[in-house]
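Chain naming follows the written order as A, B, C and D, and within any one chain the residues start at number 1.
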Amino acid sequence: AAGEPTKTGALAPADPDAFPTVPTWTRQIGAPTGKGYGQPSPHESAVTRRLYPGLTQPITAYSTSPLQDLDGGITPNGLFFERHHAGVPAIDPGKHRLMIHGLVKEPLLLTVDDIRQFPSVSRIHFIECAGNPSFLPPWGKTAAEVAGLVSCAEWTGVSLRTLLEEVGLHPDAKWVIAEGADAAAMTRSIPLEKCLDDTLVVYSQNGERLRPEQGYPLRLVVPGFEGNMNIKWLRRLHVTNAPAYSREETAKYTDLMPDGRARKFSFVMECKSIITQPSGSHQLTRHGAHEIRGIAWSGMGKVERVDVSVDGGATWHKAELQSTVHAKALTAFRAPFPWNGEERVIMSRAIDETGYVQPTLSALEAARGKNSFYHNNAIQPWRIASDGNVTNGRE
Amino acid sequence: GAYGIGTRPTDAQIAAWNIDVAPDGKALPPGRGTVEQGHAIYDRQCAACHGLDLQGGMGPALAGGVGSLASEKPLKTVGSYWPYATTLFDYIRRTMPLASPQTLSSDELYALVGYVLFRNGIVPAGTTVDAAQVVNVRMPNREGFYLDDRPDTKERPCDEHCLRATKK
Amino acid sequence: AAGEPTKTGALAPADPDAFPTVPTWTRQIGAPTGKGYGQPSPHESAVTRRLYPGLTQPITAYSTSPLQDLDGGITPNGLFFERHHAGVPAIDPGKHRLMIHGLVKEPLLLTVDDIRQFPSVSRIHFIECAGNPSFLPPWGKTAAEVAGLVSCAEWTGVSLRTLLEEVGLHPDAKWVIAEGADAAAMTRSIPLEKCLDDTLVVYSQNGERLRPEQGYPLRLVVPGFEGNMNIKWLRRLHVTNAPAYSREETAKYTDLMPDGRARKFSFVMECKSIITQPSGSHQLTRHGAHEIRGIAWSGMGKVERVDVSVDGGATWHKAELQSTVHAKALTAFRAPFPWNGEERVIMSRAIDETGYVQPTLSALEAARGKNSFYHNNAIQPWRIASDGNVTNGRE
Amino acid sequence: GAYGIGTRPTDAQIAAWNIDVAPDGKALPPGRGTVEQGHAIYDRQCAACHGLDLQGGMGPALAGGVGSLASEKPLKTVGSYWPYATTLFDYIRRTMPLASPQTLSSDELYALVGYVLFRNGIVPAGTTVDAAQVVNVRMPNREGFYLDDRPDTKERPCDEHCLRATKK
């Protein structure tokens, strides 16, 4: 009597033994309580971070969050994307110090425990690599390959403003040079205005201390600014009157324009979205009601609205924002998607509270040419074939 | 400060930690080195990754690409792209050689800067490089940057002609 | 020249070699990028879930979140508290089904993939065991032992209302009996009104699929109701006109009153808070500025306000809510705490948006006696000795 | 439904899955068992955890405690606390024996319910238990429960006399 007699539009026959009345796991006692630190189900072992296909430098490299397998707005710590320039340092937190010096009244040396005694703040923010993704082919096959250098967490730390008030700013202060303790001694200049606004020095991510690859024991979170500025393994804040013009803000993370000149200090990650389900490598297995799901974010503030198109951009529908909307945080969206075997190109377009509208790739290319490399926030199309196979919709 | 948390670093500690060198070069240490000295150090400690001719390998190319920036295949290198030589001193000191950073002496660093600039045609053979030289050398792409002027796309949501009401 | 010359009020001398100018980890290349699934720093290996001291049944047992080591409002999945009655089943998600039947127009059998095709919702909610903590001594030594059977996550799933509308409710429908696929076949009756309000059938927690010990592949989230009702490994929803009076809602999870009668269907977790830092087993190491930090929550809605007292409850100060306040979610709070070696008893008191005020233990005992066992949301005092040692403040 | 997702289970599937037994007993299966049969099954399959005299061990006590509920040390058992015998049938079937639940036959379950009720003095020796018996047996604490009437504390925030302004 078992079976799936009324399955509508199923593309594969149902297995009548698939769901026994009393499954084996209901008849046997389960695994014991009290695993000190839990892990995902073995059935989810394919859900991992991945290096980009073909990437061969695992030390100065990046690995992506598996967006096509994730839901909602929070990224679990184990799957938060990674980007390092000289590997992940093994820092002893007891021997780590943060120095604040330069155009300040009282320079300061702080332990991690010291920093935990300042007023703490918890906020949910995304961090996104400025190079997420390339402007040039080959186009990524999966959502991770297209936009997996973005993740989102609840960060807890102290407002940088609090620390700068504690050291006392000199009137000439205009910039803060932040430096990491990794072997790249990663260095970026951050405008003082941003430091006094919403920048945080954090020690915890999603409740627990930062993971080593996210900057343990201290990192800067510069909400909405390009990932590289969120200095990990933070050890020094140098208050100055001018930017350092460090290598990562000159040779890298500047945006080359068609006339051969380049934009510098291009910090903000503009408004963006991507459909993650269904997305490249997914397979629809039956006809009927489906869901489109995805994430949207903006470095300028809150996501205001997301539209989706299932006809290659000809017409659009408002999606529903399915999670609480936090400023500069991933916002999950959804829209209904009835599918009955039609070939379709689906895409999403986000609009933020400043009114900025996520552009098409051709609009970006018209403004910037093809070699600006960073800050590609173009609309991402996915193609659904009549057999349900989903691939990148870029020509 | 109001919280009174933490300790005050000594001037010596601050000096030892403060390694960032801005274009004004005020933070450059004393020392000097020649293009020729730099050549020897480069071949020993850098060429394996960046190539004997600075053409790149496991690490990026350190020369070439001048005139390519507006082309279809721009090559961004120290010579073609970097606006300040201070960045070169700063970056090599803090980051290179990749597996043993912050091990080179100031003299070695000046020499390496000299050699990389020489191979980019920015200083002649025989040059001795010191702090003043690093600050004053005119990098070819010095004027190649301007402040971020985004937003640069003016897409509009389509409230009128193409936004359909969402069905349940 | 190294040292900590101006350290104010330090109780232990500073180690001048503690923070080298160029630490070893800055001189050496770090660990490679691309660990598929990340783990915490080895320096945080003591931050784990723990069985209650003396608990010897790891199968039908509970383990606590290490609240004294956590920050903010989100609990990382690896440290989310556990409570099982017959261990953790190893469910094959492909063979798992959810059946919805009873007083419905069309009974339904759903796969996990089917459920993912209904409109999805992501919301941040706490889950708390009704027995968190005991009303009777021995009092817990740490915040985990006192209140570690509460955790909070972003859940993604489908509104139970959507599923109930899909099956079509019979006019006599009043309750939904939810059943798990574990060896306890855990069963609870939930009022239909709650099922049509904010109850969710979830598949993901903090972005990734549910952990096995949290109900993989499906669990019920009944926001603000006692943890036991958030049925894990959910396999069946039986719509009825009356509660089942299952063992967990008669023998257990009923609240015995002094007259020998008991409250039944006592579902809501009332408003509560606890100071987690400093808390039992912590040690203050210097005089001067410190922070009080903690978490507050209410099963009735949003936390409206938290007060802290540093004089054993004689006077109170308003704390700052340091994270975004979500309804029925952990809300982090903080307050400044200057400490210069005084003996102190510190405590917090939360108030929710309904105006309900977290009571003292004696107020609870006056209302319920000492044997009501469940729903202890009493104010928790911590005693700070003049040497900085923190212990449970209950007499 | 509007979404048309999923499949419709057959009546046989629903009947096989639907194991919850409410006080009305409508879902009780056919079958019967005697107190004496229950005694034999209990000693073999239950006594190791719950004790030969139902006094408890690794598992909780299944008898005793009548009259203790208002005392300082209440003992909540099937006999002293449980309002319905249907719960006993339902729980043993779905959960016991701990390591091999859902393996007992309906006759065995009725017999076990009979034996546990007998040891609690609720039914006499020699009783044969069936569905009607399980529904109709009067549990001692049937009237011992009332609906949640919280909130039951009336604490007030102290805005007037004891709330001090927060210092920075």
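Here, a contact is a pair of C-beta atoms (placed from the backbone, for glycine too) under 8 Å apart; a residue touches a chain by one contact, two chains touch by 3 or more.
On a predicted model such as this, the values are computed, not experimentally measured, just so you know.
Listing every chain that touches chain A and chain C alike gives B, D.
Across B-C and C-D, the chain pair carrying more C-beta contacts is C-D. Spacing of chain A relative to chain D, judged by their CA centroids, is 49 angstrom.
Chain D has its Cα centroid 73 Å from the Cα centroid of chain B.
One inter-chain figure worth recording: chain C and chain D are separated by 27 Å, centre to centre, where each centre is the mean of the chain's CA atoms.
Touching of two or more other chains is recorded for residues 4, 26-29, 59-60, 86, 109, 117-118, 183, 185, 289, 320, 336 of chain C. For chain D, residues touching at least two other chains, in rising order: 2-3, 5-8, 13, 17, 98-99, 101-102, 168.
Judged by the touch criterion defined above, the protein chains form a pattern that is neither an open path, a ring nor a star, and not fully connected either. Of all possible chain pairs, the ones that touch are A-B, A-C, A-D, B-C, C-D.
Considering their complex, residues 1-3, 5-9, 13-14, 17-24, 58, 69-70, 72, 74, 76, 78, 81-84, 86-87, 90-91, 94-95, 98-99, 101-102, 144-153, 155-158, 162-168 of chain B touch chain A. The residues of chain A lying in touch with chain B in their complex are 57, 59-60, 85-86, 99, 101-102, 106-111, 114, 117-118, 165-168, 177, 179, 183-185, 187, 235-236, 238, 240, 242-247, 250-251, 254-256, 258-268, 270, 305, 307, 314-320, 335-336, 349, 351, 356-360, 363-364, 366-368, 370-371, 375.
Chain D makes touch with chain A in their complex at residues 3-8, 10-13, 16-17, 98-103. Chain A contributes residues 1-8, 14, 21-22, 26-29, 288-289 to its touches with chain D in the complex.
Chain C meets chain A in the complex at residues 4, 18-20, 23, 25-44, 47-51, 58-63, 69-80, 82-84, 86-97, 109, 113, 116-124, 153-156, 181-183, 185, 203-204, 206-213, 216-217, 233, 277, 285, 289-291, 293, 320, 322-324, 326, 332, 334, 336.
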